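Got a structure for you, written out below as structure tokens; questions coming shortly.
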Amino acid sequence: MNRTTEKTYALPIGPVHVALEEPMYYKIELDGEIVRGVELTAGHVHRGMEALALRRNLFQNIVLTERVCSLCSNSHPYTYCMSVENLADIAVPPRAQCLRVVAEEIKRISSHLFNVGVMAHVIGYNSLFMHMMQQREIMQDVKETLYGNRMNLSANCIGGVTHDLEAEAFAFLLDGLARLEPEVARALDIYRTDRMVVARTRSVGVLSREDALALAVVGPVARGSGLATDIRRDAPYGAYVGLDVDVVVEQGGDVQSRALVRLREIQASIDLLRACVRAMPAGPTLAVLPEIPAGQAIARSEAPRGELIYYLRTDGSQTPNRLKWRVPSYMNWDALGIMLRNAKVSDIPLIVNSIDPCISCTER
Amino acid sequence: MELTLSALLHMLLFPGGVFALGAGLLLKGVDRRVQARLQRRVGPPLLQPFLDLAKLAAKETLVPETANRTAFLAAPLIGLTGMAVAAALIPVPGAYSGMPEMGDMLVLFYLLPLPAIALMVGGSASSSPFGALGFSREMGLMLAYEIPLLAVLLAVAMKAGAAVGAGPALSLTVVVGHQMAAGQFGFSPAMLPALAAYLLFLPGTLGVPPFDVPEAESEIVEGPLLEYSGPALGFFHLASALKTMVVLGLGVDMFFPTPLPGGALVNVCWFLAKCLALMLVSLTVARAATGRFRPDQAFTFFLKYPAPLALASLALAWMGF
Amino acid sequence: MHPMNAFKKLAVRSPWLFRINAGSCNGCDVELVATACIPRFDVERLGCRYCGSPRHADIVLITGPLNLRIRDKVLRVWDEVPEPKVAVAVGICPISGGVFRGGYTIDGPMDRYLPIDVNVPGCPPRPQAILEGVLKAREVWLSRMGA
Amino acid sequence: MIVFGFLKVLLGNVAKGPATEPFPLGPATTPARFRGKVHMDPALCVGCAICRHVCVGNAIHISERADGSGYDWVLWHNTCALCGLCQHYCPTGAISMSNDWHNAHLQAEKDEWCESRFVPYLVCERCGAHIRPLPTSVAGRLYADNHVDVARILRLCPQCRQIETALHEGVRHDDQRVA
Amino acid sequence: MTTSASPDLLVRGLAALCAEDGHQATENRSGNLFHWFRLAGPGDLLDAAKRLAAHGARLCTITAYDPVREHGHPRHELAYHFDCQGAMFTVTIELDEADLRVPSISGLFRNADWNEREFREMYGIEVQGLTNSKRLFLDEKLDAGIMDRVLPVSVLMNGASSRDLWERLLALRAKAEEKA
């Protein structure tokens, strides 16, 4: 015991570190270049949002939850609104349901592209990083043209959506998807076979199926370890009830598998978006709101990073009595301990990035 | 006395010092611009490296409280002076025949690691854990790429010497002269493995992807350079520009030295053009098309590919091919 | 023109950017990455470069409402940036606290602690707006050098 | 070990040329729907304050002038999350999101970075009371079935409006009776 | 997976642990099923958790709350949310106000650790059997149990700091107008 402590030394990473999109402090015990221990210090992005939510009325909380995190920023208000709708038994019109899925899948594509792009950046593959980010701009343009902002769509409101999309908007979306599709196929090929990517990502940061199950990880992290979980299929909500969601699974459990899951999910999302546009129902986009009664309700959705849960408790007033949400990353952090065990120091940022950690989501 | 004065001028003005600096920075500017084009970008102005230096000159140099001040500030100068001397040893065929009396390829071999050593000194003087990690990485990588370099130098010397009928000709002036008479090594089948090894050595010694492990920005925050700022950082940039020029020039002298008919000015340009070509192949394009190796991967890479290649050429030269 | 002023005008054509996240929801940070790293906006055209160390920075881009836990670290990093330096607040959070104002961990706005020079409100601002902010910061930098 | 598989993409990039947009050296494109700075049209505002109610950033402040001449509607861009809920819930369409994104400003301008509108109260033509303005479009909708002079109705306070309408209705009933 | 028994069995087992009328089942418009259980006492938590674990349920999250507005006095409750084959199982326990303690279920559900640490620091509820005593999110400058205190009934609408903000801004504007 003493011998190892003599040999090891501590390397602090963060909280302000260039490879970290967000502040998190890691104290890493190193033995040469091998990781022997990791200690996380969180809380740098803890904004006390659950307390803030109790001081905002139900409308303000739509936007507040959207600001939990900007990468999954559509999933939060979407799920929050669903929790209010579950509570008050509001029937969201079919067109609004479908428009919500459109917004959700657009965000999923952007989020996944960002993550696999950043992965290339972390392994120093800057041309590939720029290439992926440039492809992501197709989706950024779609968001900006359809919704008016590149990150926060403001698409959802209680009882429906804030916007309606007309034929030109759908045409713009389909055109973007047509341009993106071959690029995703090409990216999939690169991430699967490029020697540099393979050399850096295969068999790195492995999470076995058993560990994934024991830690109850969610989203692409679970699916990259061979667990076929997806709320869109397991407990379908909104328009997903009528959609055929392809649950993408890879068996490797390593950094590469998780990246491949995300890239293949982009392809699945493209199919979903096309299906939505094809089957877009006509009609209103907003339900008439009843009084919000006292009670409790839960809503779940599959955010880009996995299962997202909202628990809402009201007493019949304008402000919630308790609004609690559990984000997908919250479940995945613990898995890092297993993935980083005996990893090389140069793989730390890579492995951390592979769970697509959303710190602002986790800490609220 | 005359000798030292002219040697000094060679170190400060041409081909070392001012000339090599200007050329090196210009090459870096071209490198960045070509790199940008490969990535569908416009890229910075050609003279951006000069602008960066002007900016660094206008900033303050902060010394970390825990650092060894003298070592911290002296470190960048080690690399810079070492490279200025090295640059004076590189003949520019048709314009400058080198200074065989000052040193041969072995001297260059000892001078070339100086910027890396400067980085290590600076990194450890800064007392930052990232600097320390960068130190150990630079050290390991250096060991790995020095082996193929030595083999390449010896192969070239052997081949040039064999033709003269003596032992290995370590003088670059002789190497250049021999090739001008008997054909360039770059077109000799026996020396092609050595050329390949040298092309792989270049990104290693210059610390560019896929071998930028000591300065891996996203892993250890630029490693040894982390704590440097202002003019001190500028000196590292200058040393790096000089080194780029030295290693590219050395490559040209070893493999493609033949000058053009014409004056010194024509041949200076011709020399620079060849440096540029070498840079585009081994640095710019290769950098754009790869990521970064893990330190252990980089280490094994050098022992697995460039070292055997260079040794093959050495053996062939030994046997008289 | 005075040669010294000409030199300063050249110097500001190499603004190196450094990003500090002071507890943001990452929207602005993602947009900063998009601004700084992708061919579409190519800030290198303006001589900009993203740097990994505060010691190399000229223009510091700050996002987030200044979380209590990260405050001292942010201030320390700011002190590590060599003079002359310019601070740009990106997004409404560092400027006013934005939607997080009043939270029990929020210690902002940023200008209580840091001398902010340029504000780029938005939630998040689009990359073009951030670029505008960087250009404004360059002017501030130039005037700070006395040109 | 390294096979330049990605090289093909890179060479294609050279052939395609830079994808860099001209901005900031040239103009920038902005989508029509872009949610930029909030704009408020005081001619349409009825002072219902739903915008303030739904604003999570508390960016909107509405205050009555001491002299009773009207109210100030102020939105501070520096805490506006550009979510568009105020526009979505505004019953009269007074609030719109412009696509002006030129939002960068110097620190000295920070506090004045507002959309500031004064909405004057009207003085009732009959009794002289201060009244909240009713936009023409809204009034047109409200009084679509009544044969009243909408322009005149708009200049009356609610009480006098009732009297006026009642009078009119009375006249109409009289007309019908005569007919 | 250890999933074998049908959820019906689990529902009946959990309902047996509840007080009278302590079990409710609801369904939303998408057809998702929600079971709500209110246990007879906090002592039954481990028993319930064992049953859930035996049925292969997955712990989703734990919500702590203080429904002071519903009751007019402090009253801490914990809601444990599980997923079992697509249905949500919420198990609620009411804590003893004099002794805010609850047993840890991290032996049965490994991912309970963070959740338990979180409600401990946010609500000051002691978790028996929790080893890691380091704060998760809350800075040491702030007191534990902050969620209890930041929500006095009187401050339900926008925070006081926003009011300060507008007072300051309007004063500045008035000054500027005077000058003009």
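Which chain is which? They are A, B, C, D and E, in the order written, and residues in each are numbered from 1.
Throughout what follows, a residue touches a chain if its C-beta (ideal position, glycine included) is under 8 Å from a C-beta of that chain, and two chains touch if they have at least 3 such contacts.
Worth saying up front: this structure is predicted, and the values here are computed from it rather than measured.
Visitor: Give the label of the chain whose average Cα location is farthest from that of subunit D.
Guide: Greatest centre separation from subunit D goes to chain B.
Visitor: State the chain with the largest centre-to-centre distance from subunit C, centres being mean CA positions.
Guide: E
Visitor: Taking the mean of the C-alpha atoms as each chain's centre, how many Å separate subunit A from subunit B?
Guide: Here subunit A and subunit B have centroids separated by 45 Å.
Visitor: Could you state the distance in Å from the CA-based centre of subunit C to that of subunit E?
Guide: 38
Visitor: With chain centres taken as the means of their Cα atoms, state the distance from subunit A to subunit C in Å.
Guide: Those two chain centres are 27 Å apart.
Visitor: Could you work out how far the Cα centre of subunit A sits from that of subunit E, in whole Å?
Guide: 23
Visitor: Could you list the positions in subunit C whose residues touch two or more of the other chains?
Guide: Where subunit C meets two or more other chains at a single residue, that happens at 39-40, 42, 45, 51-53, 69, 96-99, 101-105, 123, 126.
Visitor: For subunit D, give me the residues that contact two or more of the other chains.
Guide: As it turns out, subunit D has residues touching two or more other chains at 1-2, 6, 10, 13, 18-20, 34, 56-58, 76, 79, 81-83.
Visitor: Can you pull out the residues of subunit A that are in contact with at least two other chains?
Guide: Each of 18, 43, 46, 48, 51-52, 55-57, 63-64, 67, 121, 126-128, 130-131, 134, 144, 149, 152, 196, 199 in subunit A touches at least two other chains.
Visitor: Which stretch or stretches of subunit E touch subunit A in the complex?
Guide: 1, 28-32, 34, 36, 58-61, 63, 65, 67, 69-70, 79, 81, 83, 86-88, 90, 109-111, 113-115, 122, 135-139, 146-147, 150-151, 155-159
Visitor: What does subunit D use to touch subunit A in their complex?
Guide: 1-3, 5-6, 9-10, 13, 19, 31, 33-35, 53-57, 81-85, 88-89, 97, 99
Visitor: For the complex, which residues does subunit A have touching subunit C?
Guide: Interface residues on subunit A, with respect to subunit C: 15-16, 18, 20-23, 43-49, 51-52, 55, 63-64, 67-71, 73, 114, 118, 121, 126, 129-130, 133-134, 136-137, 140, 144, 149-152, 358-360.
Visitor: Subunit A touches which residues of subunit B in the complex?
Guide: So the residues of subunit B in touch with subunit A come to 38-41, 129-130, 133, 136, 209-210, 212-213, 216-221, 288-297.
Visitor: Looking at the complex, which residues from subunit D come into contact with subunit C?
Guide: Spelled out, the residues of subunit D in touch with subunit C are 18-21, 23-25, 28, 34, 56-58, 76-83, 101-107, 109-110, 113.
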